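The following pair of complexes shares a single chain, chain A, combined with chain B in the former and chain C in the latter.
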Partner chain A sequence: MGIGFSLLIAIVLVLVALLGTSIGLNALFAVVIPYLAFSIFLVGFIARIVKWGRSPVPFRIPTTCGQQKSLDWIKHNEIENPSTKMGVVGRMLLEILCFRSLFRNTRMELREGNKLVFIWEKWLWLAGLLFHWSFFIILFRHLRLFMEPVPSLVELVTTLDGFFGFGMHSLFLTDAFILVAVTYLFIRRVVIPHVKYVSLPADYFPLFLIFGIALSGVLMKYVYRVDMIAVKELTLGLVTFNPVVPQGIGAIFYVHLFLVCVLFMYFPFSKLMHMGGVFLSPTRNLPNDSRAKRHVNPWNYPVKFRTYEEYEDEFRKFMKAMGLPVEKDDSKEKS
Partner chain B sequence: MLEKAFSGSKRYWSWVIFLLVLIGIGFGSYLYQLNKGLAVTGMSRDVSWGLYIGQFTFFVGVAASAVMVVLPYYLHNVKEFGRITVFGEFLAIAAVTMCLLFIIVDLGKPMRLFNVLIYATPHSIMFWDMIVLNGYLLLNILIGWNVLEAERNAVAPPKWVKKLVYVSIPWAVSIHTVTAFLISGLPGRHYWLTSIMAARFLASAFAAGPALLIILSLIVKKFTKFNPGETAIKKLALIVTYATIISIFFVILEFFTAFYSNIPSHMHSLEYLFAGLEGHSNMVPFMWMFAVLAVIAMVLLINPGTRNKENTLLIACIAVFVSMMLEKGLGLIIGGFIPNAFEKVTEYAPTLPELLITLGVWAIGAFILTILYKVAVSVKEEVRA
Partner chain C sequence: MYDKGKIITGIVIFLGLMTFPFWMSLGKAVNPPEAEIAQQLGEECIEDAEYMRENHMKLLNDWRTEVVREGDRIYVASDGEKYEKSLQNTCLKCHAKGENPGNVKLSDDGLESKYKEIDLNSVQPSAEAYDLESSDCFRCHEYAAVEPDCWDCHIVD
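Right after this comes the complex of A and B.
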């Protein structure tokens, strides 16, 4: 049901864009919705981050998988169990750029009756890397639409990505990679029973949406070509707050743009927020130095308490009368 | 399992960094070639295949030779090879990767690489070569990795892996056969127009590949706690011996056909290679080095005393490897182009960028091999600990 529902929504979104542009609502789809989407994205993203940033993290709760720093002669693993900020930075970099925790993923299986085996679960890691890096590079390449002159780094990345030729076109490798990776991530969700069991529309929908964006982009580049000069006129108009709606851009462009806008609007309310959230996960972004440093809960309020000394001062004579031992015997002191 | 490659001794890391530096130098040279075109190489209109294609041909053989440990183990139950089959398969992975890279650097416009897919046709041997080489790479990755992972878990590998092993055995033969067809399928080149080409290729492959595997096994034995096993090395040495004899025999057959039948076009290339033609003799020292090394190798290998002793076996294996590389990776390819179709001699000598790029590809091969062998050795040490 989750799959069908998500797919239906994705298809409806495509139809909305096609229908909207066919009845001449170009200005709505080219200007109003992009501005709206970007505003929602910006405000929503910041609000989420601020909300998360304000949640208290009183103690060190990193999840580690290496030897903690202790005595000098015990070999310490600074990356897996960081003791300093630099170690945390290294750990976070590896996590964010290489998905190190996924790299360590293993699958357990019973083989030959009851032998427990561990199999390195590399495909999710590989597909995840391929997907995220491709997405990032594609996004980075799109900067050429929003900048004039195009920065040389963007040109360089575009050249490298489009190194291989395909007939008279350049073939962007990331275009192929992202479609393959998203397809894998979807199939995995459907085919593996326990992954399917925990999958909701909120998991399927982003996959369909991103697949739709990638596919419409690929179709626009390789099949239904659009007027790129007009597109750049539009995008530059948008970023300079001087929007124009050029005529004659193909409908496929509006489908692409509308899906991107939906992604932007949906972003702050979805699991896609892991983009910002990964930096805030206290199980990863804290050094594990609880043994070396004392961390006091910052919102501890002053508690009124009574020491044993005060207690004994009050009840000493009764205690002595009952024959209970006391720490301070004032009768002896006096004598 | 790959995490095993990320922890190692200082020596391991210095070796890895050394290889990375070489790769960097090679890559820099490649960018230069990409910018200037193939004109920076020693290749020309007359000699249009040089060091790159020669090395490609040679390393296809090295890759195919994995079958020499896989076949006895899986088809004839030669248990001793069980310890080193994965080394053979991992060697194949590194070698095939090198082959693919040599093809890419030999393309003046590498951006047109995918033309082989876009204009795919069964009439093109190149198309078949792409299929068999990439297929062989995939087969070896799947087989080697899964067998090793099963060994680590102390269980039998999954059933489908064994089926792939049976596929990989004829597949190994196919990669070198198709590569031979690339060369012998050109009727304009007399030196290559010999129906024994594929057989020659396989024979020299089964000499050079296992020779390299012996060298690598001895290195593994010296530097790690894992011992590939003396009987396995002895059996491999026997394979190298027979294959060397057969491949030298095949070279002699070429001489007989050309000189007894007195076919000028067949004789010219051999004359150029071994004696020089019309005053051109660039290749002569290399070919005589091949001959001398081949004789040394044969003497050391045929004599059981020297074959069974590690030091002399090592020398013999190096001699086999270098001689086969000179013969197949250099002489055979270049010899086919000289003299050219107009009976003129245009000589070929690799240029510095060409040599550096070749070195870079070698370093990439060594790098892949190092990573894979590190994983394999670590797993085997762990299992036996």
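Right after this comes the complex of A and C.
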């Protein structure tokens, strides 16, 4: 049900772009929707981060998997169980750049009746890493369309990515990787029963959308060529706020662009916000130092309280009359 | 908001990265390159401009295969006109300033080429050899940041 629904929406989006450009709404798809999408993305993203920033994190809740800093002769694992800010930076870098915690992923299975076994499982980590890095490099390569002159770093990355070629065309490795990785991530969701059980349209839809974007891009590069100079005229027009709608760009480009716009618009409202959220995970971004430092709950409100001393001062004579022990005895002091 | 400093720093970095191309092209207006040299000559390309813009790389790739592997050097355009499948003798004639460095020569009828035996090491490009830096190919490819690998094999200087 979730799969069908998400696929249907993705197909409808492609058809919308095809239909829209066939009836001549090119300006809408080339200018209005991209600006709208990018604005929604920026505002929505920041609003979501600010909203998260307003939630207190009252407790130190790092989840750790290494030896905490303790006595000198006990070996401390600073990366897996950081005690300082620098340790946290190291841990976050490893998490964000290498998906450290996903690398720890294992598969649990019951074998021979009731023996619980943990099985080596790195495929999710590998596909996830390939997917995210490919996506990032592809996005970075696209800077060539938005900048003139093109920065040499962008050209260098493009050259390295397109190292392999067939005939006179370069084959971008990231193009192949992202398609394979997204396909794997989708198949995994469908084939593994308990992953399928927890999968919702919100999980399938981004996969279809990103697959659609990657596929339309790949088709545009390798099969249905479009006039790149016209495309760059359009994209440069967008970033210089002099939007132009060049004639004669193929429909496949508009499909690609529209799907990208939908991704941008959908981004702040979806699970894709983990892009910003990963930096705010309290289980990762806090040093585990609660045994060394006192952390006061930030929303502790000033409670009016009375010390035992004040209490005893008020009731001392009654307490003594009843024979209760008191800490400060006036009569003794007097005598 | 908690951890205000950190959150705001993060948002500023995010905004800066996302709008980077906007800042970099602030106040710049770049006109897309045109095939100026060929236009000045008033020559028509072998196929119509739109087809060439989108598919010239495919065409050149096919030419390469056909010439190098099959020895088929004549291209019949969609309007029936015949051209020699040659970068230096056909494309660059209109798309670059200067002259063919001269390592390949057409026969008089211009079609059935009879190639001279050439010792590549002895080829001395003339002063007016094609100026690739100003060619239509180069400027357009520079703009699109796509490096053509024509010059990997075609010896120019």
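One rule holds in what follows: the second predicted complex is superposed on the first by the 334 of 335 C-alpha atoms of A that agree within 3 Å, B and C clash if a C-alpha of one lies under 4 Å from a C-alpha of the other, contacts with A are read in each partner's own complex, and residues count from 1 in each chain.
The rule is short, and it goes like this: contacts are C-beta pairs under 8 Å (C-beta built on N, C-alpha and C of every residue); 3 or more make two chains touch, one makes a residue touch a chain.
Please read all numbers here as calculations on a predicted model, not as lab measurements.
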item	value
Which of chain B and chain C A:R111 touches, first, second, both or neither	first
Touching partner for A:Q68 - first (chain B), second (chain C), both, neither	neither
Dominant contact partner of chain A by residue count, chain C or chain B	C
First, second, both or neither for A:L171, with chain B first and chain C second	first
Chain B/chain C common contact set on chain A	165, 167
Of chain A, residues touching chain B in the complex	103-104, 111-112, 115, 117-120, 122, 163-167, 170-171
Of all residues in chain A, those that touch chain C in their complex	41-42, 45-46, 49-50, 53-57, 143-144, 146-150, 154-155, 158-159, 165, 167-169, 225-230, 232-233, 236, 239-240, 242, 248, 250, 276, 279, 298
Chain A-facing residues of chain B, complex	1-3, 109-115, 118, 149-150, 153-156
Chain A partner contacts - residues on chain C that touch it in the complex	1-4, 7, 10-11, 14-15, 18-19, 21-22, 24-26, 28-30, 32-33, 50, 53-55, 57-58, 60-61, 64-65, 140, 142-150
